[in-house]
Every structure is written in C-alpha cells, then in structure tokens.
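For reference, the structure I am asking about is given below.
Just so it is clear, A, B, C and D label the chains in written order, and each chain counts residues from 1 on its own.
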C-alpha cells in the first residue's frame, strides 16, 4: 500500500437526507477527505445496483451508498426496498469476489453533517487501506477503453 | 514413400517452431471445455477429442476485438487504427471441418471491401489439419460433401498412423512447406500406412435440401414454424459455428476517448434486425431460424458458390433444446 | 414406463375433450441420453411423449412465448417441482394466469420416475413447502462450499477464470423461464449499463446483473447451467443467492402464485447489520 | 447496378471526420445537418465515388453509427446533407451536436439511381413523411440538370403539416414552373391555412393521375405507403421496371459483412439500397 494512493470513491446519495447532510457538513465548514464524488439521486430506492457496477466499470476503488434512516424516507419506504436490495447485492458482490469492504452503505440524515464528514473520512481510510481495486482495474485495462473516473 | 512425423518428436517440433518465432496453437483440453489454444510443449496437445468445443473461427474472428480508438479534443478527433496482433502462428491439429470453415468465410470477408482483421490473421497462420479417425453422433461433414480428411483451408494435412505413433505428412501449400521445412529433421521417410479415416454416415441429401430451399414457395412454408418451435433464441449455435460471421459494432468509452469494437452477433436475436421504428423484418423466432438455414444453404452459396456450413455439428451438439442444422435438413430431406 | 403411459393417456383425453389446447412435454432427442421439448396438439403427437429421469429441462419458459396463452385456453405442461415453482413465480409476477396451466407433475429418484399429485399449481403447495424445509441436494454443492471458503481475491480469480470463457450467447438468459423481459438490460442502450462486448469485464458485469435479477426468483431448475455452451457453473451463483434470500428473508421462491417477490417487498425489521 | 469500387484502405471500418457546418430543424424531432469533410483525401474519395442514392453511416464516437441516405445530390458533392429523426442512441447524439462539432461518416456505400437512364423521360417522385430525403437527393440531381428531363412531378405527403420536411424547398419547387408539386397531408393533419390536398398519398396520386408514358417513378416512404402506392401505380399503368424505390434495413458494417440487412438473398447494403419495384417484388415479402 503506497502512501500516495488516493482512492477514487463514488457516493450515491439520496437528495433529502444524505445530500442535505453533506450540505450541512459543507456549511459547517467540516473538513473531510476529497476522494468522494457525489451523485445525488431522488431516493435510495432509485439507486440501482447498475449504478454501483457502472462506478466500478469506470474505475472506482470504492462505492458508498447512503440515504435516509429507516422510517425517514421522503417517499415513505424507498429506503426499505433499497435495504433489501443492497443486502442481496452485497452478498452477490461478495460471492463473486468483489470485497464488500469496497461497497459501503450508510444512513445519514440531513442533520448529521458531522456523521457525513466522519463517514467519508473513515470510508476513504478503509479503502485506502484496501488499496486500489487492481483486479477490476486489470479487467478494465484489458477492454482497451479507459476508466475515466 | 511419404514422410512421417512421429508423435514423440512433437515436443521438438513445438520448440523448433517457437524458436523460429511461430506461435504454436492446437486443440487443448481445459478444465471446463476444449478449444484451440496456445501450446508450449507437445504434451499440451489433446488429440483425443473428436472436436474441440469451440471452433477455430475465434482465432481469426474473435468474439470481441477493438477496431479503432478515438480521442476527442477540442475541434479535433483522432482516430487510431487497431491492427490485429501481428505474428506468425501455426495451428497444429485443426479438424478438417474447422479448417474448411475458414476457407468458406474468406470470400465473405474479401468481397469488394477487404476486412484486414480477418485477412491479416489468415495470412499469418499455417493450418495443419489432422484427418479424423473418430467421429461422434453429430459429425456431418460428409453430408456437406466434405470429408474427414478434407484439405480445404489446410496448408498441411496429417493422416494419423496406428497406435497414435504419429502422422503421415502431406504438404499442400508453400506456407505449409515452409513451416514443415523448419522441422524437416524430425520427419522420417516411411511406408507405414495411414489409418483409414472415419466413416461419417450421410445424414441428409444436401442437393434435395438446397432445391427445396431455393423454391420461393417454401419461404413461407409452415415447416419453418414447426421446426423452430422449441428454439429459445440463444446464440450458442451461431457463436460456436466455424462459419457464422455476423457481427455488431459497439462503442465503449465516453465523449472524450474510447474504443470501437467488433463483437459477434447472431441472427437468432430479435434485436439483430430490429429497426429504430420498432419494425422488425424478422420478428419471430421461426423467421430467424429460417434466415439462418437459408443464409447457409441458399443465400451464401448464391453469392460465393459454397455452402456456409462445414458440417462440424457443433450447433446440434451444444443446443440447449437439441435442435440444429442436421435435424432441420433431415426434416427437409424427408418432406 | 407406467408413469409415461398413464400420462400419455391423460394428455390424449384432455386434448380430446378440449380441456387443454396443447401439452408441452418431452420426446426423444438426437442421442439416447437426450430429450427435446415436444408440443403435443394431437393424439399422434402424444405418442411421441417420453417421460423418464433424463427429462430435466424446465419447460415453463415456453408458456410465456408470445401469444401462446393469450386466447385464454388452457395449456398442459410436464413439470418437475422446480418447474411448478417457476409457474408460481410467473403467476406472481403477472406473466401468466396460473389457472390456465394444467400441470403434469413428475419427479425422479435415480432412474425411477413417479407422478406428482395435482393438476394446478396451488395443489402442489404442500410439496413445495416440504421442499423449502429440505432443499435440493445442490444446496450442499461441494464447489459452492469451496468457493465460500475462499477469500475475496481467490473468489474473484475463480469467477474471472470462469467468466472469461463466456461468449455472451445469452443461452443462460434464453433458457431461463424467469428471463422473460421483452428487452433485456444488456439490450437497452440508453444508457448502456452493461458492456455488450464479451471481454472479461463485460462478461463479469453481465453475469452479475443476471444473477442479481434472478435473486429471490431462481428455482434452481438448472436450465442456465445446462444451456451454457462453455460450462460456466451458473448454478452456483444462483444457488448462493437463493440461500441468501432464504437465510435473510425466509423467502423460498415460487411457493405460491400470490407470494410477494422478495425484492419488491420489505419488512421494517429487515437486518441491516452491514449499514453504517 | 452495383459498381465495384476497390477502396484501398487498411481499416475499412474507419470513418471520415466531418464538421457540422449547418443544421436546421425540419419537423418535430427531424433535423437536417450539412457536413463537411475535414480531411481532403476523404473528400476526394467521396467526390469520386458518391452517386445519388448511396447511403452512409453517420456516427458519433462513443455512441455508435447509424445508417441513412445521403440527402444531398451528386451534383452538389462539396458537402453531405443528411436528415434524420431523433429516435435512438446515435440519432440523439447527432441531434445534440451543434454547428462546429465533429461527427463521423463512413461511406458512401451501396448502389445508385441510374440517373442517366432517366434522361429524356418524365419523372414522378412520390414520397411520404421522413422518406423525402432519399427522393430529394434524386430530385435535385435531376433539377440541377433540368434540361435533360421531361416533365417533373413531385407528390409528397406527411401525416400533418408540421411533419412535412424541407419546407423551404417545397416552397421553391412550388414556385418553379418546371416542377409540378402535389402536396398532401393525412386527413386530420391539415392546418387551418392549408391550401393543398388532404388525403393519403396513394389516393392523391390516383387523383393526380400522372401518365405512365415514358415516365420513371421514384417512390420512398414507410412500408405501408409503398405497398399501397405500388398498387396505385399499377392501376395507373406503370411498369414495375420503371418504378424505383430505396430499402432501409438495419446495418452495422455497410459493406456486406455483418450479415443483417439482407432481404432474402439480397444484401441491401451492397445490392441496394436502390431497387426497382420489379426487383422488390421478387424478394420474399415476409422478410421486408
């Protein structure tokens, strides 16, 4: 693990909670790792596993998915559906050898700006420790098309 | 008197060819499937299987290959050609049907516009066919008027001699002679007879089938629907076929840079011919199966005077629902 | 043999009295160990029917072929218990009306074939509930256990090796009764989620996506695994996902025609130990 | 009609780079673009090979290529014009491209209209909806050398007034005294100030009743229009051999390799896209 390694992380977040939380972290001037690129979506229920695969396909070393706490969904139960889907998808990734450590899930509310900053820091640190996702990046390289992330 | 290549010398031959810069490729039994793949020593070969699961086509026309790379800059687009991997190679132990398949597709890739991806590989490959002494229930080269020891597409033909001791060598082309000149020290003069080639029973009357197919009245025969009723529309027959050549062109990348690829495609997919408007000229599975048969035995020979089938039988062998060209042509013969 | 003869008579009777318009069964294939699907519409065609332990293909996918059930006439079909489960799933997902399907159930142990009681999917619920308690042998597949013991890197290498052989012929998809989408996700190109090329990355993505779409829906009939021309052990990945939904949500796919699809439903107390 | 053109090019799938120099909307979702070659060698080759009726593969890197006709005539080969409806991935990307942007073009491929055989004859052009572009290419090829032809009649119909493409050129043709323009829209598609006919193309054609004597008909339109127009032409006494049409099928390579565009044994990309009605009638109808 080179000390220089800066992981590329894609975060898919729900606009009502986690994105607002990220906003709060920003307006509160909290400092957090700059490795995360945030993609805002209407609800965690909208976050298809295809997004996660696409992020990996484009060269992400890690993916973070985050939304409202159970019960707080703006659409009443989008995050409950998402939760089941993640659980299954996570098991699938695990089984195919994509370490679940690389795909993290979390609940962050609009009020949890500091939790957001902490989470980004800890996720970045975890993935930095895991190192680049060499196995997947090797596959991307073989396709001859660039990982543009 | 002919020359013999003894199998115990194969190791030396492989080494010799490799040191002369030829990649050596042959039938190999892998854990899950058999195919033509690179070999490093004589024992890597597996001449025991009737026919490798995957055809020789993929060494000339891979399932996916880059055609060009693009880079988009402001007010400028760079297009860089890909050329297929260069390098001479010898394919030792091709089956006659697989080698014929290559020759069948040559005119297609060469009419008017020459597909260099195919021809570069063709020009750099020496094909050494081994005549078959074994066949299975699905082999049907004889029905296609080919033989288990057909020299079509081959640069050298080898005929096995008894007890797997080796092969009688028949050099057919200059390219073959050149490759075998490299290993001439391992060839021995001998009068040992070759094993008889396997007798592959004729399964259908090709001429009768072709006549039936050429009759426009039969284009909309209900036969097509009946015969293809159980077809599930996958592409395992077309992808394993040594002569099926249809492909798709796909871009991978983004608006800045990426790559354009040529991928196998199959007439059995509904999307193959679907127009953007939603209109599909071949909207049913029966129409697609008819297209496959017609293309192989009517349209293709109409253009290139050769049937687009070399009788390997892979389509029937691998079909998940036990269909295939053999069954269809048998049924046509019996109509 | 007795089972086969008895069913042959039944099919003929049902066709003759008009209770079914067609029966989907098996007939001899091109070699002695092969069987091929048979569509029985006349009593002559019924004569070709074979039913033995080599009849393994799950035929239920044919039921959703275009137009077959649209006239609301009933269709008979030979099914093993897994096949009955797929009928239930297709019904639960509104792909067919289970009442339109007349089931000729059978199962085999060794070379012995025995008929199963029941003609409609709901009459098999007892049997299916038993299956849930004592799942198929494949559940304890040694290779599956071996993979589970590997670490992530080894597992990735294992699947990379397997998927590198994939030629994207989509035989797995076409053979699968659950893959009935008119337009598959790989065929949708706006946007192009999954690479259509069959390089290893594209293959990896394709197989992950298919496995995910089958999670909680696969009945382990083995059609995909048998159809694969390059012998990728697809059953393992689907089996693993079936185990996952069984352990995680107590969901055994295809128990009844009214069963809620596992990934289209939720419980407020679903486990979420993995969520930070 | 095929002319064998040996293209000395290493990679036959490599397109030419084109700059969009002009674009305008024809109808809702339908756009015309004028493209200029960036590489003079590509342009020279195009000028040498392009004849009216040929098609090309227009593309945007990263999205793919799409097949449509070259809508400009061979008499104006300084540029390429194409008209397309935004419907799929590639056409959407093309529609998003702005003036000055670069796109790709591969071609020209296929056969052509044998225009010199039309010399001295009366011409009847029949077109429907978005299918005017291929006809337009022939129309201009002929109008640019107007003296070589007899009477020119254009029958063009669309679903609604808004769906008519090349509105400016329609006006121009209408004003010309040496062109007889018959415009129509489907019943219900007319606007309050619509002065032309209302009715389907075949009906309007029969009303206009052009004489089949010494006349060549070029028809292009959706399959259903072609089907009924051919019947009308027969009624009017046209010989199938004097009726030309162009076929469109899905294509990927454009050069007879990828294996999808054939109708029966005919490869549309090489033996077409221009066929006489007699040739089309010999093709299996179920495969069209």
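Everything below uses one rule, namely that contacts are C-beta pairs under 8 Å (C-beta built on N, C-alpha and C of every residue); 3 or more make two chains touch, one makes a residue touch a chain.
Note that this is a predicted model, so its numbers are computed, not measured.
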{"item": "Chain pair with more C-beta contacts, A-B versus B-D", "value": "B-D"}
{"item": "Centre distance in Å when subunit B and subunit D are each reduced to the mean of their C-alpha atoms", "value": "39"}
{"item": "Chain centre separation (subunit A, subunit B; CA means) in Å", "value": "46"}
{"item": "Subunit C-subunit D separation of Cα centroids, rounded to whole Å", "value": "48"}
{"item": "Residues within subunit C bordering two or more other chains", "value": "195, 197, 199, 202"}
{"item": "For subunit D, residues contacting two or more additional chains", "value": "64, 88"}
{"item": "Interface hub residues of subunit B, defined as touching at least two other chains", "value": "248, 250, 252-254, 258"}
{"item": "In contact (per the touch rule at the top): chain pairs", "value": "A-B, A-C, B-C, B-D, C-D"}
{"item": "Subunit D residues within the subunit C interface of the complex", "value": "64, 88-89, 92"}
{"item": "Complex interface listing, subunit B residues touching subunit D", "value": "67-68, 70, 72, 75-77, 79, 81-83, 108-109, 111-116, 216, 219-220, 245-251, 253-255, 258, 260, 262, 265, 267, 272-277, 279, 281-282, 287, 291, 294-295, 298-299, 302-303"}
{"item": "Residue ranges of subunit B touching subunit C (in the complex, touch as defined)", "value": "32-33, 53-54, 63-64, 137-138, 229-230, 232-236, 238-240, 248, 250, 252, 261, 263-264, 266, 269, 271, 316, 318, 320-324, 326-327"}
{"item": "Touch list for subunit C against partner subunit A, complex", "value": "147-148, 150, 152-160, 185, 193-195, 197, 199-202, 204-205, 207-209, 211-212, 215-216, 237, 240-241, 244-245, 248-249, 262-268, 270-272, 274-276"}
{"item": "Residues on subunit B engaged by subunit A in the complex (per definition of touch)", "value": "66, 69, 252-254, 256-259"}
